[in-house]
C-alpha cells in the first residue's frame, strides 16, 4: 500500500480510531476525551488540506480493495470529493468545539462523541467514495451513526423522531441498493468516471435507465430532503443543537445533495441525463421543494423547526443548480454546498446558544434578545442576511450564479423561483431580526444561566462567531484563488471540458 | 422315509389340536385363573408335540437338542409367567370364579 | 404383485396409520408408540423392496440398514420416554400445552 | 405340488399382513393405554415373523429382541412411571380427572381431514411402490464378490461392520448419545420394588446364565450365521432388565465410573481401531486382509457389552442415584 | 479398492476429534475443563487444514473402510461442504469459549453439556462430509437428538415442552426422509450421491422420493408453515444452545436439501422451485411481523431466525434462471452471515438476560450500562442481519438481488428489500432500549468479559468477513458443487 493509496484510509482512520477509543472511555475521563476529539479533528484537517494541495499538484490518491467479483471498495480523491471533504473537515472542527461546550455536564458523553466520530468518518467516506458500492457503504454507515445522535436524549419524543428518521433513511438506502444492483446487472463495474459511464447503454436500455435514475434519486432524495421525503428533517430537531447543526449543515443533508451531484455528473453524465429528459423533472421537484420549504418555515413558531424547513428549501438550490446544468448554474449549485453549510451552521449555533443560556425555543420568545446576547445575535443577523441573499454574504453569490446560469440555459422561471424564495426567506427572518433588535426584552428569560462577564460560555460563542465571520469572508473574498467559488468553478470546468 | 414324514404329520396335527383346545379354553373360560390353566397346560403340550414332530425332520443331533431346549425354556417361562399373573391378579383382588 | 410387494404395501399402510394416529392422539406416550409403528412400517418398506426377486438371495444392504434403523429407533424412543416423563413432572400432564396461536 | 405350497404361502402372507394391520389399529386406536402396549408387543413379534417371511433372519432377531421385547419393556416401565407421576400430580391438584392415557380425540371434522390426508399419503406411496420395476437392482452381487475379503461369511454382518462400518459407528454414537441425553435429563426414578416371590427368584437364577450363554452364542454365530453385536447386546439387556425387575438393586452394586467406561467402550474401541488403521497407512476402518475377522470380532465384543449396558441404562430411565451423592 | 483422489486424512480428523472429545468428557467429566479447549482446537485446526486443502487442491474424498462408492461409504469435501465446515468451526469455537464461562457455576448441567455439544459438532461435520444418503439419515438423527437434549438441558417447563415438540418434528422429518431413501435405493440400487446423480431419471418412484425427502427436510428447516416448533425451542434453550441451534443446526437440514436438489433430485420442477420461493417470501414477512410483535428478547431473535431462513429458500426459484450460480452462492453466503450474526445476537441477548434477570423488552431500558459491550454486539450483528454494507449479509443480499434482476425475475427483489426493512424495524426496536429512560433491571450477577467479547467478536466477524468475499467465492467454487461456471460477473 503505497503512500498515495493509504492516505485516504488514513483520513478515515483519523476519526474512526479516536471514535472507537472514546467508546471505551469511562464517562468521567473528560480531559482525555476532549483531547482525543481535538487531535482527531485537527489531524483530519491537516491530512485533508495536504490532500487538497496534493490534488492541486496532480497527485493521484486511490485505495482499492476487492469487495465482490467485479466490484471494489474504492476511495479516490478528485476535485469534487476534496471540495466536500474540506467543507466537512472545517465545519467538523467548529461543531466539535461547540459540542464539547454544549454537552458540558450531560450524561452519556462518551457514547455521544463515539458516534460523533463515526459520523464524521462516514461523511468523509461519502466524500471520498470512488464507486457507487463504497458510496452506499458509507451512506448506510451515516444512517447508523446518526440515529444514536438523534435519539441521544432518550425522551419519548426523541425515540419517536428516531424511528421516523430510521424509516425514511433505511427505505432510502434500500431504494438506492435496488437501483445500484439493477445498474450493475446492466453495466458491470460502477466506477465514478467523469461525465458518466452509461453512454453505451442508452440505446437499448433507455426505459431501464430512467427507472434506475428515479430509484437512485429517490434514495438520495431522502437524505437531501426533497419534498416528498423531507418528513424526517423537522422531526429530527428534537436532537441536541450540535447534532441538528451536524445533520443540517454538514453531514446527512449534504451527503444526499453530494450523491445527486455524483449520480448526474459521474454516473449518467450531463448529456445523457438531458437526453433522457431526467433533469427537467428534477429541476421542477427542486423548485417545488424550495418554495414549499420556505412556506413551511414561515408557519413554524419553534426556532429550530423554522431553520429545519429553511434547510429543506436551501439544499434544493444545489439540486436545482445541477438539474439546470450548464457551467454557470453548476458552479452556483456546487458552491452553495459550502455557502449554505457555513450560514446554516451559524444559525443553528445561535439557536443552540439561545436554548442553552436563556432557555429560548420559540421565535416569539426572542423579543429584545439582542441586548442580552449582542454577539450571538450579530452572528444570527449575518447568517439571516446570507440566507436572504443580501450581498456581500455568501448566499448572494450562489443565488447570483444560479439565476444567471438559468438565464444562460434559457430557463427564465429559475430567476422567478429564486426571487420568490428570497422574498419568503426575508419574510421569515426579517420580523425575527426586528423583534430581536428593536423590541424591549421581557422581565425574565425562561431559564436564564449567567456565564460571568461574557454573554454565554466561550466554547459556544467562538465557533458561532468564527463560522459567521467565515460566511462573510467567503462572500467578500470570492474572487481569491483558494475561495470555494474558484474551487467550484474548477470542478465545474472539469465537468464541461469539451 | 415316508414313515418319518407320516409320524411328523401326525404329531403336528396333534399339537395343532392341543393349541386349538387352549385357544377355545381362553375364549370360553369365565375368569383369569381358569384361562391361565387353559393357556399354560394345553399350549405347552401342543408345543411339545410340534417340537417333537419337527425334531424328527432335523438332520443333526444339535438341532434336535436345540428343539428340546426351546420346549424346556418355554415350559419354564410360561409356568413362571402364569404364577406371576395369578399372583398379580390376587393382589389386585380379582375374586376367583365360583360355580353357583 | 408378488409377496414382497404385499409387505411393502403393508409397510406403507402402517406408516399412514401411524401418521394418522400421530396427528390425532394428544397423549405423548401414544404419539411415541405411533412413531414406533411408523418406523416399523418404513423399515418394512425398505426390507420388502430388497427381496422383490423371489429366486435370488435377499440383498443384505437393506437388512443392515433396517437393523441400524431399529437401533436408532429404540434409542430415540428411550430418549423420548424420558423426556415425556420430565414434561409430565414439570407441567403436570403428559400432553403438549396448546400452542399459543402464532 | 409347489402350486399348493405357494398358494399356502400366499394365504399365510395374507393372514400375516391382516394381523399386522389389525394389531396396528388396536395399538394406535385402542382406548386403554396398557392394552395398547400389550398389543404393541404382539405387533412386534408378528413383525418379526414378517421379517422371517422376507428371508431376513438377522432383522427378525433384531426386531423381536429390540423392537418387541425391549421397546415393549420400555413402554411398560414408562407407563408405570407415568401413573406414579399422575398420582403425585393429582396429590398436588386433586380436582382434575386423571385420564391415564384415555385417548382424547379432536372432534370429527378435524379427524376427517387427517384421515383424508393419511389416505392420500398412502395412495401416493402405494402408487410409487407399484410403479417400481420388477427386478431389484440391489448390491447383492457386489456384496457376494467382496464377502471373501471381508473377514466374515454372514453377508449382513459383513455389510454392517466392514463395508458400511461407518454407519454402524455413527449408530453406536446415537446409542451413546441417547444414554448421555437420558442421564442429562433426570436422576433415575426410584421404583417401589415389590419383593420377588421364590418362583420368580429361582426362575431368574436359572434363566440369567442361560441368557448370558445365548448372548455369547449369538455374538459368536454372527460371523457366519444370523446374529451379531446388536442382537447379542439386546439379549444381554434383557437379562439385565430381568434382574432389575426381580428386585436386584443393580444400581447399588455397580460403581458409577466403570458403568460409564462400559457405556463408552463400544464407541471408543470402534474409533480407536479405525484410527489405528489410519496410522498404519490404510484408510479409516480398512482392516488388513488377514486380521479382518479378528478385528471385527473385537469390535463386536466391545459393541455387545456396550449395547447391553446402554439399553439397560435406558430402561433405568435416568442417571444412577449414586451419581447425586458424590 | 476404488481409484479416488488421494484420501485426505483431514476429513477423518474433522469428524472424530469431537467424537473422541465427547466420549472423553463423558468418561472424565471433571477433566472436561482441560479436555474441551484441546478438542475444540483440534477440530478447528483440522477443519482449517481441510478447507485449505479443498481451496488449494480441489475436492478431497475418503473411501471409508477402503470400499469404493457403490458398496462402501464415501466422504466428499468440495467447496460447499468446506464453506459449511468453516461456518460450523467459527461459530462452534466461539460458542465453546462462551460456554466454558456460561456453565462455570452450573457445574451439574455443564457435566452433560460438553458430551452433548461435542456429539452435535460431530454430527454437523459428519453431515457436511457424508456422500451417502443413508449415512446422512443416521447423521441427521444424531444431530436431532443431540440438539433436543441440549434444549432440554435448560430444565424449565417451556424448554422441556419446546424440546418435546422439536423431538416429534425431528422424528417425523427423519422418518419421511428415510422413506425417500428407501424408494431411491429400491429404484436405483445405490446410496452414493454421485452415482445417484447420474442414474436418477423422472419416474413416479423418484418423484415420490423427492417429495418425501423435501417434505421431511422442510419440516426440519422450519420453513414458514412448518416453523411452529422453532421459536419456543430456540428461545427457551440455554443461551449457547440457542446460538448453536439458530446458527448451525437449522442450516444443516437446508444444506442437505441444497445438496440433494443439486445432485440427486431428477429434474427440479419449476413449480416446486417457485413454491419454495413463495414460502420463503412468506417466511420473511411472517417471521419479521411476528418478531415485531414479541415482548421477550429471545423470542424476538428466534422469530428473526424464521424470517432469515426465508432468504435461503428464495434461491430455489432464482436458480431456475441462467444465473443459477449467483443465486446458489448468495444463499451459501446467507448461511455464513446468518450463522455468525445470529450466534452473536443470541449470545448478546443471553448476556443481557443474565445481567438484567429478565428479557422483557419493555423493561430493558436501564440495563445497558452493565453489559454495554453486549449491546454493541447486538447492534453490530443487527447490521449484518439487515444486510447493510460491508457485512457478509450485504454481500449475500447483493448477489441475490443481482441473481433476481439478471435472471429476469425482478419480483423476487420485493421480499429481499422488504425483508431488510422489516429486519431494521425489529432490530432497532431493541436498540432503542439502549437510549430509552424507562425500564427496571436487577443488574445483579456480573457477566465475565469472556462472554461479552465472544458475542462482540462474532458480530465483528460477521461485519469484517464481507471484505473476504472474493476469497470465499473462490473456495465455494472448488469442485464446482453448485454447477458454478463463473460467479457474479455481469452477463
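By letter and in written order, the chains are A, B, C, D and E; residue numbering begins at 1 in each of them.
As a working rule, contacts are C-beta pairs under 8 Å (C-beta built on N, C-alpha and C of every residue); 3 or more make two chains touch, one makes a residue touch a chain.
Since the structure is predicted, the reported quantities are computational estimates derived from the model, not experimental observations.
Q: Between subunit C and subunit E, which partner chains are common?
A: A chain counts here if it touches both subunit C and subunit E, which gives D.
Q: Would you mind checking the shortest number of contact hops between subunit B and subunit C?
A: The fewest steps needed to get from subunit B to subunit C is 2.
Q: Quick check for you: compute each chain's CA centroid and the global CA centroid, then name the chain with the smallest gap between them.
A: Minimum centroid-to-centroid distance belongs to E.
Q: With centres defined by CA atoms only, which chain is the most remote from subunit D?
A: Following the centroid criterion, the farthest chain would be A.
Q: Let me spell it out: compute each chain's centre from its C-alpha atoms, then which one is farthest from subunit C's centre?
A: A
Q: Does A-E or C-D have more contacting C-beta pairs?
A: By number of C-beta pairs in contact, C-D is the larger.
Q: Could you tell me the distance, in whole angstrom, between the mean C-alpha positions of subunit A and subunit D?
A: Centre separation, subunit A to subunit D: 74 Å.
Q: So, what's the distance in Å between the C-alpha centres of subunit B and subunit A?
A: The mean C-alpha positions of subunit A and subunit B differ by 100 Å.
Q: Report the inter-centroid distance (CA atoms only) between subunit C and subunit D in whole Å.
A: Each chain's C-alpha centroid was found; their separation is 12 Å.
Q: Could you please state the distance in Å, as a whole number, between where the Cα atoms of subunit B are centred and where those of subunit D are centred?
A: Distance between chain centres: 27 Å.
Q: Quick check on subunit E: which residues sit in contact with 2+ other chains?
A: Touching at least two other chains: 134, 138, 141, 145, 148-149, 152, 179, 185-186.
Q: Which residues does subunit C have that touch at least 2 chains other than itself?
A: Within subunit C, the residues that touch at least two other chains are 15, 45, 49-50, 52, 61-62, 65, 68, 72, 75-76, 79, 83-84, 86.
Q: Name the residues of subunit A that each touch 2 or more other chains.
A: Residues of subunit A never touch two or more of the other chains.
Q: Among the chains present, which pairs are found to touch?
A: A-E, B-D, C-D, C-E, D-E
Q: Spell out the part of subunit D that touches subunit B in their complex, as residue ranges.
A: By the definition above, subunit D touches subunit B via 197, 199-200, 203, 206-207, 210.
Q: Considering the complex alone, what residue numbers of subunit E touch subunit C?
A: 134, 138, 141, 145, 148-149, 152, 156-157, 160-161, 163-165, 167-168, 171-172, 175, 178-179, 181-182, 185-186, 191, 228, 231, 290
Q: Which residues, counting only subunit B, touch subunit D once they are in their complex?
A: Interface residues on the subunit B side: 73, 76-77, 79-80, 83-84, 87.
Q: Quick check on the complex: what are the subunit C residues that touch subunit E?
A: So the residues of subunit C in touch with subunit E come to 15, 22, 28, 31, 35, 38-39, 42, 45-46, 49-50, 52, 61-62, 65, 68-69, 72, 75-76, 79-80, 83-84, 86-87, 90-91, 96-97, 99, 102.
Q: Residues of subunit E touching subunit A in their complex?
A: Its residues touching subunit A are 376, 383, 386, 388-390, 395, 397-399, 401-402, 405-406, 413, 417, 420-421, 424, 428, 431-432, 435-437, 466-467, 469-470, 473, 487-491.
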